[in-house]
Amino acid sequence: MAEHLLEVRNLSVEFHTAAGVVKAVRNISYHLDRGETLAILGESGSGKSVSSSAIMNLIDMPPGRISAGEILLDGVDLLTMPANQRREVNGRRIAMIFQDPLSHLNPVYTIGWQIREALTTHGTASAQARAEALRLLTRVGIPEPEHALGKYPHEFSGGQRQRVMIAMALALRPDLLIADEPTTALDVTVQAEVLALLEELQQETGMAVLIITHDLGVVAEIADRVVVMEKGELVEAGTVREVYRNPQHPYTRKLIAAAPGKGEMHEPAARTAPVLSVRDVRKRYGAFEALKGVSFDLMPGETMAVVGESGSGKSTLARILLRLDEPDAGSAHWKGRDLFTLSPGELYKLRRDLQMVFQDPTQSLNPRMTVYQLVSETWIIHPDILPKAKWRERVAELLVQVGLGPEHMGRYPHQFSGGQRQRIAIARALALEPQLIICDEAVSALDVSVQAQVIALLDKLRREMGIAFIFIAHDLPVVRDFADHVMVMRKGNVVEFGTVRAVFETPREDYTRALLAAGLDPDPDVQAAHRAARLQRAS
Amino acid sequence: MKRILVLGALMLGSALSPAFAGSGPIKIVLAEEADLLEPCMATRSNIGRVIMQNVSETLTELDVRGDKGVMPRLAEKWEQNADGSWRFHLRQGVKFSDGTTFDAKDVKHSFDRIMSDKNACESRRYFGGMTVTPTVVDDFTIDFKADPVQPILPLLLSLVTIVPEETPLEFVREPIGTGPYKLTNWTPGQQIVLTGREDYWGAKPEVTEATYLFRADPSVRAAMVQAGEADLSPSISQLDATNPATDFSYLDSETVYLRIDHNIEPLNDVRVRRALNLAIDRQAFLGTLVPDSALLATAIVPPPTLGWNPDVKVFPYDPDGARTLLEEAKADGVKVDTPITIIARSANFPNVTEIMEAIQAQLQEVGFKVELKFVEVAEHEQYYSKPFKEGRGPQIVAAMHDNSKGDPSFSMFFKYATEGTQSGFSDPKVDDLIKRASAAVGDERAKLWSEVIAYVHDEVVADVLLFHMVGFSRVSERLDFKPTMATNGTLQLSEIKIK
Amino acid sequence: MTLQTTDTALAEEPHFARRMVRMLLADRFALCAAIFLLVILVLAIVGPSWLGDLATKQNLRGRNAAPFDWERGWVWWMGADALGRPLLARIIVATQNTLMVAAGAVALSAVVGTVLGLVAGFSSARVNQIIMRLADVIMSFPSLLIAVIVLYILGSSILNLMLVLAITRIPVYLRTTRAEVLEIRERMFVQAARVMGASSKRILFRHILPVVLPTLTTLATLDFAYVMLAESALSFLGIGIQPPEITWGLMISQGRQYLTNAWWLSFWPGLAIILTTLSLNLLSNWLRIALDPVQRWRLEMKGRKNG
Amino acid sequence: MIPPPDSPEGAMLRFIRKRAVASLISLVGLIVMVFFLSRLTGDPAALFLPVEASAEMKAQFRELHGLNDPLLVQFARYVGDVVTGDFGESLRKARPALDVVLEAFTWTLWLALVTMTLVTGAAIVVGSLAAFRAGGFFDRLSSVISLLGASVPDFWVAIVAIVVFSVNLAWLPTSGTGSLLHWILPISVLFIRPFGIIVQVVRGSMIGALSSAYVKTARAKGVKSGPIIFVHALRNAMLPVITVIGDQAASLLNGAVIIETIFGFPGVGKLMIDSILQRDFNVVLAAILVTALAIFLMNLLIDLAYALLDPRIRH
């Protein structure tokens, strides 16, 4: 058998933590050949990034420890290599790009400097490095590359930063590129562009790509083969199509089933008297116009999705509706009263009706309060809702309602998983018995399988309790199964508004169409078709 | 009565036989920087130590090494006129360091300047309660008329530094004087340099140049002389004075005492005051917290002073006697249990805290209730000087008094007369005695002062006199110099010999 | 790298106090520091009534007795001071005043500074400006000069000393707290509390303060050392605690003049200050790790190994 | 949602102006406070004149220096004079107070500058190396040394240093100014405490920076340890360090009273304490003004240093 470019054999890594020794990966093996793309698919906590860190020698020891296995690059074990040789491999033979390029680029040096460093570290003369950096930036499609070399990471958009990372990684034409969730925080349209760039470059250089992702769509778009990981173990491996069409492991099946955007769409009832009526809301931050006149109506008990990419003003809208920010102009009538003109006292009463669930439950729950304290705090603030004697009982009820148990009452947020934390946040919102809950990217930070569960929970609450939702998301498939109406926003304007079916099946606006097209489908065949169509449009 | 003091220059001249003496520059390290070099402030010790008699000279000078009393300096001789005024015959051929010639007009101006209200000259204080009018007789003769008549006017004029006629009334920064040195460098905070004058009227001193340095910490000063960075430190700590070859002690004219406020019960009772005196074991302090060579005080002025009374005896250490006295007083209804506050000034003199703590302990031993309070200089002054605060409790102020002038008049009125600013009592007999003594001359004067000292100590029991302090100096072995009682306020470079 | 253990960390953690004790046992330096401080604390409480008389009994003839004279009672092991009082006894008696001044000053400045910082960080721009300018004024006012002026006006007593030292340290807490509040108030859980209708007071004291507290605790332990040294510096200048009250700082400055011929007078109290501040520093370093969930494993790992 | 940046220079000027106004307010507050507080501490006449001075002499002294007027009149007069650049005369020294202060401040400035430069350099190297192998032997050693440094009374060290290095070994002059050698002891003693504190801060900040994502990127690029510590991590870790350096420098600029006293160093700290001791109010006020102004300028420099180190702040 021909030697693989990279072969991971029986790798086990463990970490010392507060909860004892955690075996992050257990006895995993996979391989990769030149020109090939392998995806490692897994959710948070699956250990999918650990093996790549081991390859790059990025595991801090302690607390980490590689307890067994070998990593062969062209047949040579990286783990037993002397330190200076090992360092030479990084950047020259294997390069890596990361999720969140903003924090992975050094904020205090220009990108030109950082790209040049990648070259000079491995012996390129500095004059040559300068020319090469310019060539690379041009290649990855940064506008005005000459000028861009002197700029700092924070002066670029998210997509451009990832392009810079790619330029830096590919500076020495490595044999292998490891991409750890390279598109996760990016807007869908940008994600498509970055993935396309990676593919192009792979074809140019013939390098192997190891892509680590939680997103089936990404796998379908770019990978040749996929390995699936769960809780530190490799549960399934095969070609992308094989795995999607014919998953063997129950976990893989669950993962595929959880992918959003395949259920029945809602058919909203006829529009009656709106419970919330928003007219011409405007907001500027200095010279930046965040909202340029937004108007809409929300019916009682209905779910309205607000979709848009970063900078569209969707989060500003949420904050203004809850008076976390003050609008510059406009009105928002809630049951006939303008939210924007309420006195603090009136606003305090109204808080009961309007609640919010935030994007990141890790941050929206006070880390120093127990679940009981978190939920019951609402009744301390609004003492007339419930007598203190009944608090414990009611907290238990609410926890059951959101799918947790009464026994969780005494624990702290950090003892829960992301999905569980979001359930706590929802329980807290429910404690006030609100009539409208605004969810700001409430499921974006969650794993796909958890996302589906939380959305199902919200939908159940809407049905059972008649709560209206404004559901803010950057991702269209997520809202497809859940929303009654969809409002698409772009740069502070409402681009399109309609029923979910109208928006998904007969989008009127180019922008909406572009958003839909850029979304990645978990089905490799569907995605291949999308791609073909896209390429055709491009040419 | 006319009294004529005629002292020729021959005495000064005879001292000048520099046969084997070396000469050269020296460095002197002082504790406190001279913030001014104003001649009329030379009576303040930190200033006087630098310029008095070195840069600025006076008409007369007190002999602190021998017992010659008041000696001539810029005045060659003086006599009292029939009307009680004094006539001074000035030395001729004396030049100021700016080249101008010294004459009687300069003397008059110097005196007028001190008395002017355009400045805050400190020397003025010695002329309080009298009117002194200088009159120029001719270029080298000047009369001083005082009302009331001042028998010690020649002594008082040893405190008046002479500046040229042109000197403005406001403070100057460049002292011009007739002395053997002139100021050649003054870098505030760092050093002052005096350089010998070629055209000095008198004998040329061996020290050609003196650099003054300032260090607040006594052990640093001692270390500097030891390390050769300085040749002389007039004051070092007793603890550092361990090398007999370089370290000398000297009686430094400071007297430590406890001023008693007689106005407040129980301190208004003489038995209580006597008990205070008997309760303190003065002898135990010597060689421990107070240098061995310090003297136990029986007067507010040190022994070489006129009228110092050898017959007055130090109170014995008699705790039992003290207890008995206290009980007697108590039996008579004196509230001896009232807590008495001793107010002392932090860093007033070496070991002040320890000494006061020890005194407190000794007083408590015999049954006094004593509290100790340390305050800083400004607050101390409020307790020490009149007007005293209304509604105060019984208070004792620990203080240190300096009189190196040889005459008790610089002390007695202030400390013991009814009108005295630091006097804690009022006794008509004391007032009368002080008045008479101040006006008297000669043996009569000495006798009267002796009487005051004895009466205040034995009858009034005015205060608790403790120690005449000694200072310690470190003198480099290349110098030949013995500090004197006056060293606190005057450090004449001409007295320093180089081996 | 971050550990992705969010899902596996569900395991019940032991009770807070037990966990702290276990972590303390894991760090030998911190443990020694804690024991030392405990001893100091006990001495501070019982010292004056236990050894008060012995520590003030003078004996001029036995002054500056040298240390390590094992023949005499244990209180004489460190020698005697300039009035012949046993140094060890005096150090023990002085513990109370020393700790009282330091703890009082630290507590006062921490409370006032923190409250002002919370208010500054959370109120209108105008209030913020006023408070910050006040802090600037104190900051640019040399601390020894404030101390001298205030002590001159108010007189030197333990209480005033505490006050003075507290005033000079207020800006430290104020600025730290304000900076943290400005950051924390933008956090999601604060927004969440506002959405619930929580009052500013509630947000400040229930939500923000607990998050700032560990930083402040660390700061306060470090400041403790600073204040003790500042107190001794004031004594050096002659405006600190006045005898017959004693503190370590005063003992050092009184013994300073004997440094060349009776070094023990200032050495032992100096050592007491050094050991105490060192212990506080060690403990605060430990505390910083123990309270930081990201760093905590270092101690817990060791704890398991040792235990 | 960052507003589009206008020119960085314009922003910088606006920032400086804003800071200047804020500092002016503080400065005025400071002057008001010092003026009235210092006058509460007592009468300069009692201190300038000997205890035996008569009441008339004291009254005349007060009259001469305008101390008899109501406080508010004195204050108005003072403010009027200061506005025209006249900071009054020193009572004690009979010279313009500002001259006295500037003379002393020059020494303090140099002392602070040299000390802080040395401290910063040494603390950065030691702190960074300690952070790189956190928990290792060097880390332990440096933390014990720095903790010790932060907890030793400085006058104690100063006197022992003089006894050892000047008297016994005779390597260095005991005190004073003059040659470069004279600077060694005071600087060494002043060095200790800020060094102890800054090493700790550098270490803490570096541990954070070394575990950051961009260091991971650098390691993935194959960058060596040296550049990772001193090029990648250090510049990022410097922000909190600079703040602490600023605080420490500020306290040095305010004068190292004790060190100045012991070493006979003619700095502004001792001047301030001496002046308040002597109730020489004009000098106290001028000294406070000068040091506060210096501290303001230094804070401005620190803000500029921030901007220099971190491009994100430039906008």
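Think of it as A, B, C and D in the order they're written, each chain with its own count starting at 1.
As a working rule, a contact is a pair of C-beta atoms (placed from the backbone, for glycine too) under 8 Å apart; a residue touches a chain by one contact, two chains touch by 3 or more.
All values derive from a computational prediction rather than experimental measurement.
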* Structure fact -> Overlap of the subunit A and subunit D neighbour lists contains C
* Structure fact -> Centre-most chain by CA centroid is D
* To do: Could you work out which chain's C-alpha centre is the most distant one from the centre of subunit B?
  => A
* Determine the centre-to-centre distance between subunit B and subunit D, using the mean Cα coordinates as centres, and give it in whole Å. => 41
* Rounded Å distance between subunit A and subunit C, as computed from the means of their C-alpha atoms -> 45
* What whole-number Å value describes the gap between the mean CA coordinates of subunit A and subunit B? -> 88
* Asked: CA centre of subunit B versus CA centre of subunit C: separation in Å?
  -> 47
* To do: Could you tell me which residues belong to subunit A and also touch two or more other chains?
  => 58, 60
* Residues within subunit B bordering two or more other chains -> 219, 376, 378-379
* Residue numbers in subunit C touching 2 or more other chains? -> 1, 152, 259-260
* Pairwise, which chains touch? -> A-C, A-D, B-C, B-D, C-D
* Provide the residue numbers of subunit D that touch subunit A in the complex, in ascending order. => 1-4, 211-214, 216-224, 227, 232, 235-236, 309-312
* For the subunit C and subunit A complex, residues of the former touching the latter -> 1, 3-13, 187-189, 191-199, 202, 206-207, 210-211, 293, 296-297, 300-301, 304
* Of all residues in subunit D, which touch subunit B in the complex? -> 41-43, 46-57, 60-61, 63-65, 90, 92-95, 100, 103-104, 107, 159, 162-163, 166-167, 170, 173-178, 261-264, 266-267, 271, 277, 279
* Structure fact -> Within the complex, subunit C is touched by subunit A residues 15-20, 22, 24, 44-47, 49, 53, 58-60, 62-64, 231, 322, 324, 347-348, 351-352, 354-356, 358-360, 363-368, 377-378, 380-382, 411, 414-418, 425, 428, 432
* Structure fact -> Counting only contacts in the complex, subunit A reaches subunit D at residues 56-58, 60, 87-92, 95-96, 98, 100, 103-109, 117-118, 121-122, 152, 154, 165, 168, 285-288, 290, 311, 316
